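Take a look at these structures.
Same chain, two partners: chain A is paired with chain B first, then with chain C.
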Partner chain A sequence: MLKAIYRIAWKDVAGDLRRRATLSSMLFFAISVLVVFQAAFEPDRKEALRLLPGLLWATSLFTTLVGLGRVFQAEEEDGAFEGLLLASVPRGVIFFGKWLGNLLLTLLVEFLILPLTMVLFNVDAWQQIPMILAILTLGTLGLTGLGTLLAAMTRGARSRETLLALLLLPLTAPLLISGVQAVAATLVEDGAISPWLKLLVIFDLVYLAITPWAFGWLVEE
Partner chain B sequence: MNPTVNDASRRDVANLTGVRHRYGRHQVLAGIDLTVRRGECVVLFGANGSGKSTLLSLLSTRYTIREGSYHLDGLDVRHHGQEARERLLFVGHHTHLYGHLTSMENLRFYGDLHGLTLSEARLRQALDTVGLAKAADKPVQWFSAGMRKRLALARMLLSNPLLLLLDEPYSALDSQGVHWLNAMLNDYLDQGGAVIMASHDPERVAALDHRPHQLARGILIPIDAGEPETA
Partner chain C sequence: MNILKKIQFFVGLATLISLAVGLWYVYQAPADFQQGGAVRILYIHVPSAKLALLSYLFLTVASILYLWKRWESADILAEAAASVGAAFTVLTLASGSIWGKPMWGTWWVWDARLTSMLVLLILYKGLMVLRHSLDDPVKGARATAVLAIIGAVDLPIIHYSVVWWRTLHQPPSLASGENAQVHITGPLLPPLLILSGAFILLGLYMVTVKARQIEARRRLDALEAARMHHDE
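And now, the complex of A and B:
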């Protein structure tokens, strides 16, 4: 089963790197958002530190949406999604494979934009980078988990990107708030990170427990 | 022992009883009874929209059977879908291939998703058999429809399924491809495999020893007997 999960994720990541489709769109989108914010606010160092948590998560959310919009695109070619469903693996394996591929691409973009954000906004928080990356990873686990399910749900819809955003934003609001607060707590002295980290872990566990089961139910015809 | 398996059903590869299917209010299949045994090839003829592809989708487990029963190798497919998928291969109108992957990568991907351990030599041998040895490392997106069909059919050489489901398998194949496919299917049937195929082409199917059926108004009728088949 792990081999099948790895293979589905590999197929998505390798395919995307070959076609330079999703990853380049996500990166371009993320950089555009950061540049626009910088130009609009021109924050000083103190303000930038205050803006950073929200800015990071807003950029992550938007880039995740770009990635999710395309997560099932390759499966639309030549009935490939049907082929996946005919594989002799549990439906949950297919879900985790799709989720893992999307997670890796999203994390790659987030890891690239974090130092860029620091430079662009002149924020001196380089020592906090490992903790911020850990928080982004924790939040992205749940965000892409629920997102992959919703992407599967809206796969055949005409305006799937809009529908996806409409569904994902309210459902992941608690997770995003926890993520923003956790990053904010990292950037101030004596900030209480622990409660927010616990909340992120709880959201991840809930999302990743429900979504594979819901996926199996969703794809039955 | 699995309680759903019994000795009578074990002798049959696939056994359908009273299978009905509808899309909304439109009844497509109105009680299908069909038994296919090892070494048998059943060919479904019928007009467009008669339900051939729907029946194959039900047999492949892609659609859930809600009315009637379906046993594959003695397993009740409604409760053992995953085990049933280990025993069958479905090649439909779509080939289920990824354009950005090469032929080798597509076959390896298929193998990994079906729990098959396949050496590189085995994969290349399968590609050689279907006439795609030279295209082994080329991305599938540049393939013609006939090449895609050959690659999709190469999977049967790797997984050796108990039941092969084919929807219009001769479409997109040239005369050489048709000859090759019939030879491969005859070998497969000789080895005890079973085939259920939908086709519009009786001439091309003639090279196979088969039982023809007509699907009309949701009922499956054996063409030789002229009456609906009973279980």
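And now, the complex of A and C:
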């Protein structure tokens, strides 16, 4: 089971690392979002520190959408998706494989975005980096879980990227709220971080429990 | 679907009568000592908010039934409930804003219930768009049903996360127990109860009309497909 998950994920990650298609477009999309934010708000150092949690999460969320549009790209042609479904493992395992591949790519991009944001916005919070990365990772688990399901749901849909954004953004409202509040709490002294971490964990657990089943209902023939 | 036609007639009649009685009561009810005449907006606002949520419940049950039993009628009802629910959500947001301007001095605040309602509206819209952006109607129906269930799981999480985030709204008007700080009692209560019933009937009526329309649409599409097939 674990081996099948790993194999499916590795197929996607290795394929993408060789072509650098998804990874580079996600990264450059993230940079252009940061440029847009800079031009729109022109924050000074103090404002930038206050805006940092929102900037990070908004950029991650938009960037995730770019990656999600391509989760099933490898399976678009020659009935490869049906081929994948024929594999003699439960549907949930296939889902977790696709999820893990997307998770790894998304995390890689987020880990690059964080120092980049700090440099571009002149924010001095280098000591908090491990904690912020942990929060980003925690949020991304559920985010990519829900996202991978929505990507499977909108396979072959017209104007798919817009549809993905329309479906993903409202459903991830709790994630955005708790993620932003948690990062904000690390940046101030004695900020209350634990309720937000709890909410992130609840979000992750609920989504990673329900999405493999939902994927099964979705692809049932 | 002749039964649906009969149900539609009687539900429509009952809706008209109860709406008329309820609105007459609202007209007769005294103005609130704090809110004045604006309190009457709540007789529309509170029932439509209930219907916005009830429609989602109805939609979820229909979606589960569709995935489980593959009944096409469950899918038709789910599709009908999505647009009816969206209509009541818009009515809730609009009436709330009209009430909020004189009472709070602002059309909109980012409080828990307003934010959840706005998210609910986007979710209804997503359900409607998803169904029609997939070419295969069966795939569209199944994807929409799965999304409806995901949404049903997410809505409470959204609600509680926004409650934690900020709360400025009045406590619910009809809550009981220690949490109830604002009591609607005496002459204000009957119109609210009657209108809540009337809105439930109205919602049912709208769902039956919409369901019949969707059913006719699907029959036409099937005929069209058969004709195209015949021509080839």
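Some points to look at:
The rule is simple: the second predicted complex is superposed on the first by the 221 of 221 C-alpha atoms of A that agree within 3 Å, B and C clash if a C-alpha of one lies under 4 Å from a C-alpha of the other, contacts with A are read in each partner's own complex, and residues count from 1 in each chain.
Please note the rule applied: a contact is a pair of C-beta atoms (placed from the backbone, for glycine too) under 8 Å apart; a residue touches a chain by one contact, two chains touch by 3 or more.
Keep in mind the model is a prediction, meaning the values are calculated, not measured.
Looking at the shared chain after the overlay, A:L171 reaches chain C, while chain B stays out of its contact range. More chain A residues lie in contact with C than with the other chain of the pair chain B and chain C. Looking at the shared chain after the overlay, A:R20 reaches neither chain B nor chain C. By the touch criterion defined above, A:K11 lies against chain B but remains apart from chain C after alignment on the C-alpha atoms of chain A. Applying the stated contact rule after C-alpha superposition, one finds that A:A87 touches chain B and leaves chain C untouched. Within the superposed three-chain model, A:G79 lies in touch with chain B and out of touch with chain C [touch as defined at top].
In the superposition on chain A, A:M153 makes contact with chain C only, not with chain B.
When both complexes are overlaid on chain A, the residue A:R45 reaches neither chain B nor chain C. Judged by the document's definition of touching, chain A residues 220 lie at the interface with chain B and also at the interface with chain C. Of all the residues in chain A, the ones that touch chain C in their complex are 146, 149-150, 153-154, 156-160, 163, 166-167, 169-171, 173-174, 177-178, 181, 195, 199, 202-203, 206, 210-211, 214, 217-218, 220. Put simply, chain A touches chain B in their complex at residues 3-4, 7-8, 11, 14-15, 18-19, 74, 77-80, 82-90, 220-221. Chain B contributes residues 60-64, 82-83, 85-86, 90, 92-101, 105, 108-110, 112-115, 148 to its touches with chain A in the complex. Interface residues of chain C facing chain A in the complex, by the touch rule stated above, are 67, 115, 119, 122-123, 125-126, 129-130, 133-135, 139, 142-143, 145-147, 149-151, 153-154, 157-158, 160-162, 164-165.
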